[in-house]
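These are the structures, in structure tokens.
After this come two complexes, each holding subunit A, first together with subunit B and then together with subunit C.
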Partner chain A sequence: MIYLDHAATTPVKPEVLKEMLPYFTEEYGNPSSVYRLAQRNKKAIDDARAVVAKNLGAQPNEIFFTSGGTEADNWAIKGMAEALKEKGNHIITTNIEHHAVLHTCQYLEKHGFEVTYLPVNPDGLITPEQVEAAIRPETILISIMYANNEIGTIMPISEIGAVAKRHGVVFHTDAVQAVGHLPIDVKAQNIDLLSLSGHKFYGPKGIGALYVRRGLKLPSFLHGGGQERGRRAGTENVPGIVGLAKAIDRAYQDLAAKNAKIKALRDYLIDGIYERIPYCRLNGHRERRLPNNANFSFEFVEGESLLLLLDMEGIAASSGSACTSGSLDPSHVLLALGLPHELAHGSVRFTLGEDNTKEEIDLVLAKLPAFVERMRAMSPLYEEFVRKNS
Partner chain B sequence: MVVGMSGGVDSSVTAYLLKKAGYEVIGVTMQIWPEDAPREESGGCCGLTAVDDARHVCQQLGIPHYTLNFRREFEAHVIAYFLAEYQQGRTPNPCIACNRYVKWESLLTKALQLGADYIATGHYARIVFDRQTGRYLLKKAVTLKKDQTYALYNLTQDQLAHTLMPLGDYTKEEVRRIAGEIGLTVADKPDSQEICFIPDHDYGRYIEMHTASPSPPGNFVDRQGRILGRHKGIIHYTVGQRKGLGLAVGKPLYVLEIRPETNEVVVGEEHEVYQNTVYADQLNFIPFPELKAKMTVSAKIRYNHAPAPAVVEMVDETTLRCRFSEPQRAITPGQALVLYDGDLVVGGGGILHGA
Partner chain C sequence: MYSQKVIECFMNPQNVGEIENADGVGTVGNPKCGDIMKIYLKIKDNIIQDAKFKTFGCGAAIATSTMLTQMVKGKTIEEAMKITNQAVAEALDGLPPIKMHCSCLAEEALKAALWNYAQKNQLSIEGLTPPPNYVDEEEKHTHSEDE
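Coming up: the complex of A and B.
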């Protein structure tokens, strides 16, 4: 199989799994207990917290483990809204956020909050000026994703952080697609809250974290016990936490070299598709995007049919985000770029990983043009288009 | 081979039989529901649990399963058509529109794009190739009780050539037995003739909620044009209806005709609901491309109508006249007229009006 859906999830690396395994069996103690078995677990969590913090430029006591990115997003946004509701009721976000943010904001709208969804430009970017112009006296939170999960576009996070700081507004970023793939320094970038998820960078599923800047009063989300310094109750997912730490550490080792390799392969794929397939477009900014992301729309072709054909050849790709591909509606992200319904439907996302090879990309480039051609050959719209343009 | 799967017994056994016969089978479930539809409701052939049920069956059968989105096609060709027909005083059959536009035109196209040679469905009907004429014929299922050809009369030759309906040779009991033997834990969903996208069956409310212009109240009139009372909007009535008219004139009254242009509902006595003749257009013929001469057939004017003897002929290039030997009750514009010669489906069309 050729796996080109690393934005959906990644395999757990063997060295990550190796670190985790003892915590399923011999190191099974409940970290909240008093005996030494439990103390060793407590230490494993503390060590992991320090590792995660170090990789983000944070302090260990600013890292809170969660069940994943969705929980971290929900906690950050609902928590800040609740904490600051006396101060104001206005939230700023974008119209291409992940649903974990969008649906949380929509939920808050039903509970008296006002949300500004900043529209992105055709490249999928917003500007710090747009953010600044949207700030009102009652603005309490800015939540803007670090990098988009569908089109890979990287937002100007440092600049937005500076705007937020200047206006004294709390700034959250959903960095699920960025952590482990882009260098991040929460202090230098003026980030107050940051969500991350382990399985996006070769760690396990079911574990994530929320960075909360010290001094920020974020109320607890899950009540019940004293874990995570009383802010996130529930017995800790020790193997997950250990795996998350190992994964983030290895992700940031030789990051520049790994990214250069992936980017070269990704560019080879993009150039190859442009060369071989007419009437297609790369969605998202050509340069300002995650090094592993290539999102294409093919005119007169439905993305979902193309995915099935690719799957039958053992090529795993995705249309839009993994979380909504079960529903297969046109992506809100592509519609936000101004793509017509047809093109938004005809998109395929390839996201490369550390282990993809040139041979694999060559095979995709060998198969894909024939698939697109076959589907166009059966499309009445394409027939009409060719007739008009010949 | 792409099998349209609903997760129910029929399509599951279809997939099983074809896999056993050596075909390379892929299960596909059509997603036609709006995303915000309530999940626990289910009804019709593509109920809201269809995707989960079908995935489960495909896992049991060891075949790949995909969900394909047909929401736009369903919206455009089934729901929009349904609403427009009611607003024009007609009583549509959305299942026929769904079969034609969604199940065949769209699903078959996608299946062919995916490299499949055929689609298969769990319909109770038989497709037979006639060597003499070189045409594909559609025949009733061996179990007449389950026969579903009424809703399939407008399949084209090309569509029939690429379609398999293996259940046409089986009885429902045999299909259930096969399902039991192979341990398929499928929900034995009730066969529903209700309209799947209106789970509460309140058509009037659904139409009012989904159209910009409400159907205004108007007059009930008799054949002589006398006003007998007020109706609550033409969308609430269908030909032959007696219940819910709210008219007290000392004898039961029935809807005879709906006149959208004057917003009138014509009512009359029961004997007036019976008519001899049907006019139909939007015709499709299966054993031959067009009807040249008069033909004796048995004809159905709605799904649960017992076929009745009739003679059909063309009155102009696009319109067919069907004269029944005996008057038939409630010939309803918008329903399909389907013609049979024994167990052979001759063809059919959309009912324009009775006479």
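Coming up: the complex of A and C.
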């Protein structure tokens, strides 16, 4: 199989799994217990916390483990809203956030909060000036994703962090697609809260973390036992935490070299598609994007049918974001770029990983043009287009 | 998520294309997902001689287009009127619940093509009402020439 859906999830690397395995069996103690079996687990969690912190430029006591990116987003946004509701009720975000942020903001709107969804430009970017202009006296939180999961565009996070700091507004970023793929320094970038998720960088699923800047009062989200210093109750997912730490550490090793390789392959794919397939467009900014992301709209064809044809050849890609493929609405991200309905429907997202090879990309480039042609031959939109232009 | 039959019909679609001087042409858009299906019918002596389709849509939409065009061929208009989206879906060994509306597209496109045939020949077909989501081909052409 040729796996080109690394933005959806990644396989756990063998060296990550190896670190995790003992914590399912021999090292099964509950970290909250007093005997040595349990204390070794407590230490494993502390060590993992230090590793995660180090890779983000944070302090260990600023890292809180969660069940994944979704929980971290929910906690950061609902928690800050609750903590600061006396101060104000206004939140600033963008119209291309992941649903974990968008739906959380919509939920808060039903509970008296006002949300500004900054519209991105046709490249999928917002500017720090847009953020600054949206700030009001009652603004309590800015939540802007680091990199978009569908089109891979990278937001000007450092600049937005500077704006937030200047105005004294708390700044959260959903960095689920960025952690392990882009260098991050929460202090230098003035980030107050940052969400991450293990399975996007060759770690396990169901484990993530929220960075909370020291001094920021974020109320707990899950109430119960005293785990995570009383801020996130529940017996820790020790194998997950250990795996997350190993995964983030290995992801940031030789990052520049790995990214250069992936980017070269990705550019080869983009150039190859442009050369071979007429009437297509790359969605998202050409340069300011994750090195592994290529998101194309193929005019006159619908994305799912292309995915099915690719799947028959053992090529796994996605259309829109994986979580929304169960719904019929075209991607809110592509619509936000100003794409008409049909183009938003005809998108295919290829996201490369560390192990993809040039041979694999060559196979995609060999198959895809015929697939697009085949679907166009069936398309009433293409028929109309040809008639108009003949 | 799809049945083997759906995949088969999608991978080897039948009756793709246009019919020159078709007796009935129906295009419908799916308000749920934005997909579009166009059905061409050749009708002689009240019998559907040939049916072809063009579809912009998901795998289920292509598969139902194939199945529907196969099902209507050789049928009288009255028989064709009885084909429901459930019947098309059943012939495909079922569709995932979220994809049932794709089979509605097929039923509506057929009705739209029959409606177009009835309009052209000033016939009235029992049980046939102006189809929802109907795109009038003639109107669209005059429209596009203005552009």
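Observations
Criterion: the second predicted complex is superposed on the first by the 389 of 390 C-alpha atoms of A that agree within 3 Å, B and C clash if a C-alpha of one lies under 4 Å from a C-alpha of the other, contacts with A are read in each partner's own complex, and residues count from 1 in each chain.
The rule we apply is simple: a residue touches a chain if its C-beta (ideal position, glycine included) is under 8 Å from a C-beta of that chain, and two chains touch if they have at least 3 such contacts.
Quantities reported herein were computed from a predicted structural model and do not represent experimental measurements.
For the composite obtained by overlaying on subunit A, subunit B and subunit C cannot both be accommodated without a clash. Which of subunit B and subunit C touches more residues of subunit A: that partner is C.
Looking at the shared chain after the overlay, A:A370 reaches neither subunit B nor subunit C.
Of the two partner chains placed by the overlay, neither subunit B nor subunit C lies in contact with A:A188.
Look at A:F300: by the touch rule set out above, it reaches subunit C but stays clear of subunit B.
Contact with subunit C, but none with subunit B, is seen for A:E342 once the two complexes are overlaid on the shared chain.
Shared-chain residue A:A133: touches no atom of subunit B or subunit C. Using the contact criterion defined above for the overlaid structures, shared-chain residue A:A264 touches neither subunit B nor subunit C, since it reaches no partner.
Touch criterion met: A:K388 reaches subunit C, while subunit B stays clear of it. In summary, superposing the two complexes on chain A brings one listed stretch of subunit B into steric overlap with subunit C, and the stretch in question is 289-297; the others among 181-189, 235-243 or 289-297 show no clashing C-alpha atoms. On subunit A, the patch touched by subunit B and the patch touched by subunit C overlap at residues 302, 304-305, 308-309, 312, 326-329, 378. Of all residues in subunit A, only 300-302, 304-305, 308-309, 312, 326-330, 341-342, 345, 377-381, 383-384, 388 touch subunit C in the complex they form. Residues of subunit C that touch subunit A in their complex: 2, 7, 10-11, 13, 16, 18, 27, 32-38, 53-59, 61-62, 98, 101, 144.
For subunit B in complex with subunit A, the touching residues are 31, 35, 51, 64, 66-69, 71, 109-110, 112-115.
The touching residues of subunit A, counted against subunit B in their complex, run 302, 304-305, 308-309, 311-312, 326-329, 374-375, 378.
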